[in-house]
Amino acid sequence: MAIKKYAVNPEDDLGFGTQAVRQRIINRDGSINVKRLGIPFFSTTNTYHRLITMKWSSFWVTVITAYIIVNVFFALLYLFIGIQNLHGTGDNNVSNHFLNAFFFSAQTLSTVGYGHISPAGNVANWVAAFESMIGLLAFALATGLLYGRFSRPSAKFVFSENLLIAPYAATGGRGLMFRLANMRLNILLDVAIEVTFSFNEIVDGKTVRRFYTLPLERTRVSILTLSWTVVHPLTEDSPLYSITAEDMKSSNATFNILIQAFDDTFSQTVHSRTSYQHDEIIWGAKFVPAFSHDQDGQVQLHLGKISDYTDVELPIIG
Amino acid sequence: MAIKKYAVNPEDDLGFGTQAVRQRIINRDGSINVKRLGIPFFSTTNTYHRLITMKWSSFWVTVITAYIIVNVFFALLYLFIGIQNLHGTGDNNVSNHFLNAFFFSAQTLSTVGYGHISPAGNVANWVAAFESMIGLLAFALATGLLYGRFSRPSAKFVFSENLLIAPYAATGGRGLMFRLANMRLNILLDVAIEVTFSFNEIVDGKTVRRFYTLPLERTRVSILTLSWTVVHPLTEDSPLYSITAEDMKSSNATFNILIQAFDDTFSQTVHSRTSYQHDEIIWGAKFVPAFSHDQDGQVQLHLGKISDYTDVELPIIG
Amino acid sequence: MAIKKYAVNPEDDLGFGTQAVRQRIINRDGSINVKRLGIPFFSTTNTYHRLITMKWSSFWVTVITAYIIVNVFFALLYLFIGIQNLHGTGDNNVSNHFLNAFFFSAQTLSTVGYGHISPAGNVANWVAAFESMIGLLAFALATGLLYGRFSRPSAKFVFSENLLIAPYAATGGRGLMFRLANMRLNILLDVAIEVTFSFNEIVDGKTVRRFYTLPLERTRVSILTLSWTVVHPLTEDSPLYSITAEDMKSSNATFNILIQAFDDTFSQTVHSRTSYQHDEIIWGAKFVPAFSHDQDGQVQLHLGKISDYTDVELPIIG
Amino acid sequence: MAIKKYAVNPEDDLGFGTQAVRQRIINRDGSINVKRLGIPFFSTTNTYHRLITMKWSSFWVTVITAYIIVNVFFALLYLFIGIQNLHGTGDNNVSNHFLNAFFFSAQTLSTVGYGHISPAGNVANWVAAFESMIGLLAFALATGLLYGRFSRPSAKFVFSENLLIAPYAATGGRGLMFRLANMRLNILLDVAIEVTFSFNEIVDGKTVRRFYTLPLERTRVSILTLSWTVVHPLTEDSPLYSITAEDMKSSNATFNILIQAFDDTFSQTVHSRTSYQHDEIIWGAKFVPAFSHDQDGQVQLHLGKISDYTDVELPIIG
């Protein structure tokens, strides 16, 4: 086994703990592969979280369903009060009482209030007054959510599909490399990265998960305008110095990546995550440049070429 | 007395000062047990603070009460102008003049404006024009508050009910431990913790409150996916090295805990607080693992088991 | 002159530069006493800044004035199109054509749309369709501003009226002290303070303004629950060690104070500023405690007593 | 060549990489001169980015166009259902069926709902109910964008037009200087600056871009109330110690400037960028003071004079 033993440094495990894992904790898309049981379903924050992070299609279904349910509720209420308390339904060319009440409810809830149907009598007027208040608040909530979803700051990086073991000129040895670029129009500043290598080790016959924060050639760029090739130099100090593909597989090696950046459009800090597993590593390859110059001399970055690599021979190590 | 004397480090007291206390300063739920007298009641920020942090039931009562009060005010204004200046009330099936004015006001304030009742004459038209403007602004304020309450970032941790004095494998001695986990769906990054031990000491016959920031096994996790057992190793350097339960009680020992994290859904920094008192410490116990693997190998964290512990024998100390 | 000479450290001047000043740069209330000429009046950010920071009375005058101006504009437009294109004005009991157009405009802008007056013909319909669109956008902007004003995070501290030269027990010598507390209901965390002493010095016959960041007993509290007495110990290392009231006056001594904190309600960083001048210093006084315990043992902080001091004798210095 | 050779420090390149450039990477106005190909056009974040950062004229054209398109769509829908299902069009004095449907649609979408035209029959009522819901959501989105544009925090600095090589009193030698001031009414705190010198170097016959973060007299001011003259002292340690204008030109020298500050109005961190090229450097000049005192002794800063300099003789070096 060529992974160096080292004293446990609890500051390195990122909060994952030391239990052996059979699956990734951080998925490729950055989501977390841990199920928490016992989270309260009806908490304001969790409801907001679900409504903000659900897919757009689910969001629209939720909004429209809620609109219909509220209108059905008020329509039934108007029917209960008596359809004769809604004046003007006779000219609405809708014979069904429930639908007349439903359409009046929709006109009240959305505050469009044409007035060809109007409430009459105390009770219908009270309900309509209350419904229009609820309508304004509910729509504001829905539109707040809509805008919240739309304007939520989030980083979106394109990562190279593979982690490469490549020649590393600065040391004359090897380096572990992956590449990333910003997929958004937003300008990212103060981009910081943290790469953690985790693997299984057998201690006293028990499998224990180990974590090691890898030193990088650089851990921060001031402004991310082009692609960034993140490099962990495989020097003798690295626990991965003489590791083989076989070692990686048998120890279920995983590389967890956390990125933090400042988004200039939103003026907020954003985060992103991904991971690489042992079967996503290419031994002996280097990245092909992903940028070019156009005829005016302007630099062009091709986001589709971020993953492109070419095979090379690796320097022999001690 | 087995609490070590040490030079006063004013940077340690967190801002609590040195007066002796008979009660917790930070409550278990994170609220602050200090009453400040002389805070101005009618400041914009304090009003906002109250409306954002009050219970949901109080919030709804406030909104509905305000809606009714404003409508009553305008209804009285329309009555004063003269009910004959509201056309169409005859068909409204409401015999009470005040209620007719009230319902017209509600239709104006919410901008539903059916039009079966409409203002006539200069004065009624001016009032209605003004009321609809106020209505739009007031409802926007109410819905801003509603959305502000809904989307306010806040951390919610579940803490173990007890602080344990447990065997600590890394040193072969004892450790002071508590456990926490994230109760929200939100992903928490860069979670940092600060634990302050405070106790009464008698200096020149006067009781003085002392504060000591406890060194921890680790003070930060990059991402909080599972539970985190926070450990203060009871080494010889610790002021708590040879402390007894008796000492804790007589000195009114309290442990104040401050947590800071970055919330990935809200892209904002959130804080949480709690405290443990001497009577919430279990001597000779260790936490039972709170996670398991399901049949697919996915890690499952049981939030309900965060407080679970089992009794163990403590190592003897010098 | 008892102010120690020291090498100029450009990192100390806070950005004020070295020109001699006859007035405070930072006022007591935290505003900046510098007039910048040439700031563009019609920039979006500056307009927003003015609308957010103006007094409430000015804000309401601005909103109502804008509402009237826009309605006057559209009323004139409807008059120009011809009042006969607004149906229903005959029953409105308003004989003035302009006012009829004005009220219709208000009903359209606020989208209340009773409908007892309604547009007829192509042109009036186009204008009304456009006005209702403008109305929705303008009201949303106004209400956004309203909510933005209401929810803007801002720190509000009460500072002691005077800076005291008091006995300082920790060194047995003197200390320069002032006291502050949080005037808001919000909980403030991670409160950091920076105190800069500035004074005039004559260099080569020219008066130059000097700045010196004073070392403090503590520069940060984790949580500000009570009052905080900020202390600069007047040790032999301090440039103020043997300063006299006379020196302070002749050198136009000023103390600038910058505070930064994290607001737990808004989850945002807030700042505050103030300053003390030589004539606000009390020589030989100490603060009277501003807190007490009520019958239940709860700590009570009296914000009105923050400035209270009592005269004491100062220790003699070398 | 008088630019000192130095070991490549990858932490210095700000993320620009080492490819030779023929153009600035950061433009004078702070925009980035890199074209990224392959960014998905229809992503929520990018759409938001475009709508928030586009010019005001483009924004208004987009909003009005969208309003018309949506109304045309619904007008066609009402025509398809049959114009006879819109009651009251006969009195609208609009003979064109499409326009009648269009105006009704506008009244529904904006929820003004006069009611002189009203839907009749099941289908028209369903469409109107749906349209008013869409209207509320769409307008809220538009107004959210409007307010988002209005309230977006952004720094706006005025930079001196030229970079000066000036005498620098503190060392008795030369300094590289530029000047900046805040163009906004907002107060800026904690202003930090980073200046990177980049140039072409020929390594093994290949042109390589080098980056060097310049040490500054000061890198941070606590509060930016006046102008700030940023100085890189041209000491013997500087790679620019004996550089000539000729060297600057032949190596395509560029100075990239990144600024970060905390905006007190928005309570948010803001950034700004600019750059200077070799042809914007003045050799032998110093800045003229840009401030004065008015009759009351108040400091006045003239933003229009930030670029003003006067020629001086440079001290001879080495």
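Assorted remarks:
Should a chain be cited, it is by its letter among A, B, C and D, assigned in written order, with residues numbered from 1 in that chain.
Basically, a residue touches a chain if its C-beta (ideal position, glycine included) is under 8 Å from a C-beta of that chain, and two chains touch if they have at least 3 such contacts.
Small disclaimer: the values here were computed from a predicted structure and weren't measured.
Both chain A and chain B are touched by C, D. The interface with the greater number of C-beta contacts, when B-D is set against B-C, is B-C. Of all residue numbers that take part in the contact between chain C and chain D, under half occur on both sides, making this a different-residue interface. When you average the Cα atoms of each chain and compare centres, the chain farthest from chain D turns out to be B. Chain centres here are Cα means. That of chain B falls 37 Å from that of chain D. Note: centroid distance chain B to chain C, computed from Cα atoms, is 26 Å. Among the residues of chain A, those touching two or more other chains are numbered 107, 111-115, 140, 144, 154, 268.
Looking at the complex, you find that chain D touches chain C at residues 56, 63-64, 67, 71, 91-94, 96, 99, 102-103, 106-107, 110-116, 139-140, 142-144, 146-147, 149-151, 154, 156, 170, 181-187, 189-191, 217-218, 220-228, 262, 264-265, 267-268, 289, 291, 293-294, 296-304. Those residues of chain B that touch chain D in the complex are listed here as 111, 113-115.
Against chain A, the residues of chain D that register as touching in their complex are 8, 10-11, 13-17, 19, 21-23, 25-26, 32-40, 43-50, 52-53, 85, 87-88, 107-108, 111-115, 118-122, 125-126, 128-129, 132-133, 135-137, 140-141, 144-145, 148, 152-154, 194, 196, 258, 260, 266, 268-271, 273.
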